[in-house]
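Have a look at the structure that comes next, please.
All chains are identified by letter, namely A, B and C, in their written order; residue positions are counted from 1 within each chain.
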Amino acid sequence: MKKNTMLHDLVKGRYFFSVMSLFVLIGISCLMSPSFLSLSNFITILRQASILLILSMGLTAVVLTGNIDLSVGSSAALCGCVCAQMLVAGFPVILCMGASLLIGLTVGFINGLLVGILKLPSFIATYGMNMVASGLAMIVMNGGVIYGLPTNFTTLGVGYLGPLPVPVILAAILVVCMMILLQKTVFGRNVYMIGYNANAADYSGVNSLRTLLGAYLLCGMTGAIGGIVMTARLNAADFGMTEAYGLQIVAAVVVGGTSLLGGEGGVLGTVIGAIILTIIVNIMNIMGVNSNWQGMVHGIVILFVVWLDVFARRVGAGRALRKQRESVKRA
Amino acid sequence: MRKKVYDNKGIRSKGFRLLTFAPPALYMMIILMILFSFFADHYFAWSNLSVILRQAAPLMMLACGQTLIILMQGTDLSLGSIVSLTSVLWIWLLNLGFGMPVSILLVILAGALCGLLNGLIVGKGLLPVFIVTLGTQNIFKSAALLLCGSQTIYYRHDLFRMVAKEGLSGISYSVMISFLMVGITWFLLNQTSFGMKIRGIGGNPEALTLAGVSISRTTIMGFIYAGIMAAVGGMLLCCRIESGNPNSGNGLEFSAVAAVLLGGTSMREGRGGVGGTIFGVLMLQVLRSGLTQVGVSSIYQNAIIGIVILTAIILDEIIRRRGGEED
Amino acid sequence: MTTNKRPLLRAENISKSFPGVKALSHVDLDLYPGEVHILAGENGAGKSTLIKCILGAYQPDEGKLFLEDSEIRLRTPKEGIEHGIAAVYQELTMIPWLDGAQNIFFGREPKIAGTTIINRKKMSCQAKSLLDELGCQEIDLTLPVKKLGIAEQQMIEIAKAISMNPKVIIFDEPTASLSDREVDRLFAQIEILKKKGLAIVYISHRMKELHAVGDRITVLRDGKKIGTYPERELSDDELVSLMIGGNIEEVYKKTSVPGRETALEIRELSDRKGKVHECSLQVRKGEIVGLAGLVGAGRTELSRLIFGIDKSSCGQVLLHGEDVTGKSPEYLVDHGLGLLPEDRKGLGLALRAPISWNVVASGLRQVFPHFFMNEKKNDSVAAEYIRMLEVATPDVQRNVGQLSGGNQQKVVVAKWLCANTDVILFDEPTRGIDVGAKAEIYVLMNKMASEGKAILMISSELSEIMGMSDKIYVMREGRIVGSLERENFSEEEIGRMMLLSGEGEGA
């Protein structure tokens, strides 16, 4: 049963467009650059995608509730910076990572409160939080950059477990956990219900505040993990290190077929979305395209996908209405 | 003995209502100014105040445009990158050898085109404003970076110095331009049918449909206006720093949103106007300049300003809800 | 004498369907100049749909409109206005932060020639003379309308309609929020408009008003026209029986007998917005209690208060004797309270979600108490309730939005059954539902009552509330003003309690 619905989603359902564009993209990439299909490039793509994927994992839950979190990028940077500073100061690795996680969770918690209790529009509250977090990251780094972290920490980013890079394994574990959480638990169901219709959820006795807080906490947590892994991978920390990821994180979720209206989509889509975006960047790098084009490409991709979502919905609604009219006429 | 019924205003606290009378930005500005005057000498001297006014000029332009968008219940997150794009574009055009008047015209046209793009996607595509402008934000930013190759580009011209530094009787031209634009925006919002339609979109879109007014056309016009204002803001900024910097507009869009909200314009019901926005902008500039004057390192400033803005928006929301302005 | 003239506006054979409902079928209407034509009928009889078709807000599926003998086709309300058909809507079309004059002339402002600049002087001058004409000079046209009272906004709304120089004006329940004095003034204004030779359509629920302004009355029921009668020839009782039609007892077969135990009790409950004042009532197990009242009397607000969506300012809610005042909906649902909201599509269901998800939305914690859940069990649980309530659908994976209104409402009922609810608040349970589906909902409610569940039903349809209830409380202006046991039910008595102060007898 479970496999069936997953397969159905991939082949015919929500993720159809995402899967199709992934294949088309891979096809084009192969034509454009023969080195694209090499094993080493494959591993590179996976590793690059894994950080993006970790960062956008929690955001998927938030977008499913019909809200957004624009602070993921800078809160990840903040967490990475705190972790690096503490490592340099000589704290044990576990403690450093714990502190970063705590900061990520705090950011998520505040976001959740602002959106859930104060009912501020989520994009305003989290955009403000984005500013605050990047400002704090700047303070933590004192405007500078840190190089050279302990090797037992950097393994998290550059190490391998068998043939697979550690970040990829981490991302895979997170994906599985998130899938179980969102598809197989009462909490996950409530996340979807709030996204479908927050008012109806309230009128059904769903505790929407707790669910929303949960989603934002997840988002803060995965943001922190992403920040830590990224710091380990770079073997350095810089307050602007996630700048390039800012829009990509949102784009990965949206390109993966999760609707900004909430309720539709899921983690599986985000996996595809993250891989698509990474391939786009990868192929641009291989082709030697100026990296300044990336923002433009991501912007266009996100606009196109959101438009497609709304357009498909409108076409669907129109078709349903016409069907209805015909059946009424016949009756 | 009939009792008064339909008291739909219900129970609300008087104190909170009083607080909502003037824009929150005004109170905050006064408090901040008094606070800073303890730490900085001659804080209330005209020379100091005129500097604040001058530095506020570019943000003032953005906030004027943002006022229109927020009155329509949206927020334009691309305005900051339009500032970056237009300022880089201006210097680039001048370096190419275009004359001053032609280049100014072209830059304004570019701003209008950016606005048109936003407006078309929002108005015709019916997509959420924030995601559209988040997307175009990256497109414009990327265009700015491409134009100048990620470098700050320079051009020498007396006009820059003149606009930014000189003026009549102590008021610099940039301040005059900014207040002229505020005046135009005020006129547009309060004295023309276009302004009525903008307020109508935020207040009761149903009424527009019933009156046969096109919502999408009004939306597009609003975004074009915001784009033009951002272009003017970009040029004012260019005059001040005498160069074109692809990152010069970063974050300005959120300052503009904050300025408008703190200026008493509401995201609901099309309430408010450009009058309060002036105080919002000045409040933010008082804070920014004040932090520098007091000697707070620039490293700390972004976080402090971010926290102040976020706190102010939260307080504003709480006060308004307690005051019962909106149910 | 009006009959000698030609009709100003004639609607012929108008039909209109919505998903799952036939709102109007083959309705005719003719309006003569200088006449006030009343549209009467219960909620959902098709009055609003009919006037929206006349205004151009809806396009009828069938039928034609004639204005002074020439056929017109209206695609938008604006085209209606251009043909001289204006309306004063039930929900105001005011833009809250524009002032009175700006609102009156919205989209049609007098401009300085050749520009889009508004000629303010001319505009406020014209607005002032319009209000003078209506006899309400005291309204401050420079204030944002949000700061004005509802009655004043209503007057501005009327001025707006008149400023369009219409031939036909439609008043859709204009007095719902007006006091006696204001109503009198409105009638004086209608008299002025009548003398000018306008044709006026007037919709109201207040009997007294119908006789005060009406010349002819057209009665609608279930989307069909029952007939048009001169006002003089129709007594109140006749009108009511025309509106309700048929024998009440046939539709509402009461089977349940109320028990003794009190399931839900509220004591002097008030809200914080001033819409509910010190309401007290009791519902026993197995009892169906009706809550009658006009639109805006505070019934929906009361239900939200009981269900914990809004917070109360004072008073108590007792559920099975336990004080649950101020508890969250989550807690109340877990303790057996349910609410079937009036706005089924906006509040009752997640239309884009599958049926199976909606069915278990409230009972989720009970069906899956250990945090983890599985889709298979969810589907089988949902399918069980779908079978039990005979919802017409091939499977439970379908989106609820694809069902008809009646079947959607059954899904909402299933949601509460699945949550093992034993006290349910029904807010307008049969709104926007076909006649056949209505009867099924009634059967369901009766069945639930006979199983010992307590039901509080809010309804604006007198026939429904009288047919279904064991006891009726009447609400007016935020207060419970009286109650009747089943043996004492009478339309006159309930109607009197619903309207009393509006009729100015509250001495």
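We adopt the following convention: contacts are C-beta pairs under 8 Å (C-beta built on N, C-alpha and C of every residue); 3 or more make two chains touch, one makes a residue touch a chain.
On a predicted model such as this, the values are computed, not experimentally measured, just so you know.
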Chain pair with the most C-beta contacts: A-B
Greatest separation from chain B - chain, by CA centre: C
Centroid distance [mean C-alpha coordinates] between chain B and chain A, Å: 30
Where chain B and chain C are represented by their mean Cα positions, the distance between them in whole Å: 43
Complex interface listing, chain B residues touching chain C: 1-2, 5-11, 191-194, 196-197, 199-200, 203-204, 206-213, 269-272, 327
Complex contacts: residues of chain C adjacent to chain B: 57, 76-79, 81, 93-98, 102, 106-109, 111, 115-118, 120, 144, 146, 150, 177, 272-275, 313, 477-478, 501, 504, 506-507
Contact set on chain B toward chain A in their complex: 75, 77, 121, 125-128, 130-132, 134-139, 141-143, 145-146, 149-150, 251, 254, 257-258, 267, 299-307, 309-310, 313-314, 317-318
In the complex with chain C, residue positions of chain A that touch it: 1-2, 5, 183-187, 189-190, 192-193, 196-197, 199-207, 263-264, 320, 324, 328
Sites on chain A touched by chain B in the complex: 68, 70, 114, 118-121, 123-125, 127-129, 131-132, 134-136, 138-139, 142-143, 247, 250, 254, 260, 290, 292-300, 302-303, 306-307, 310-311, 314
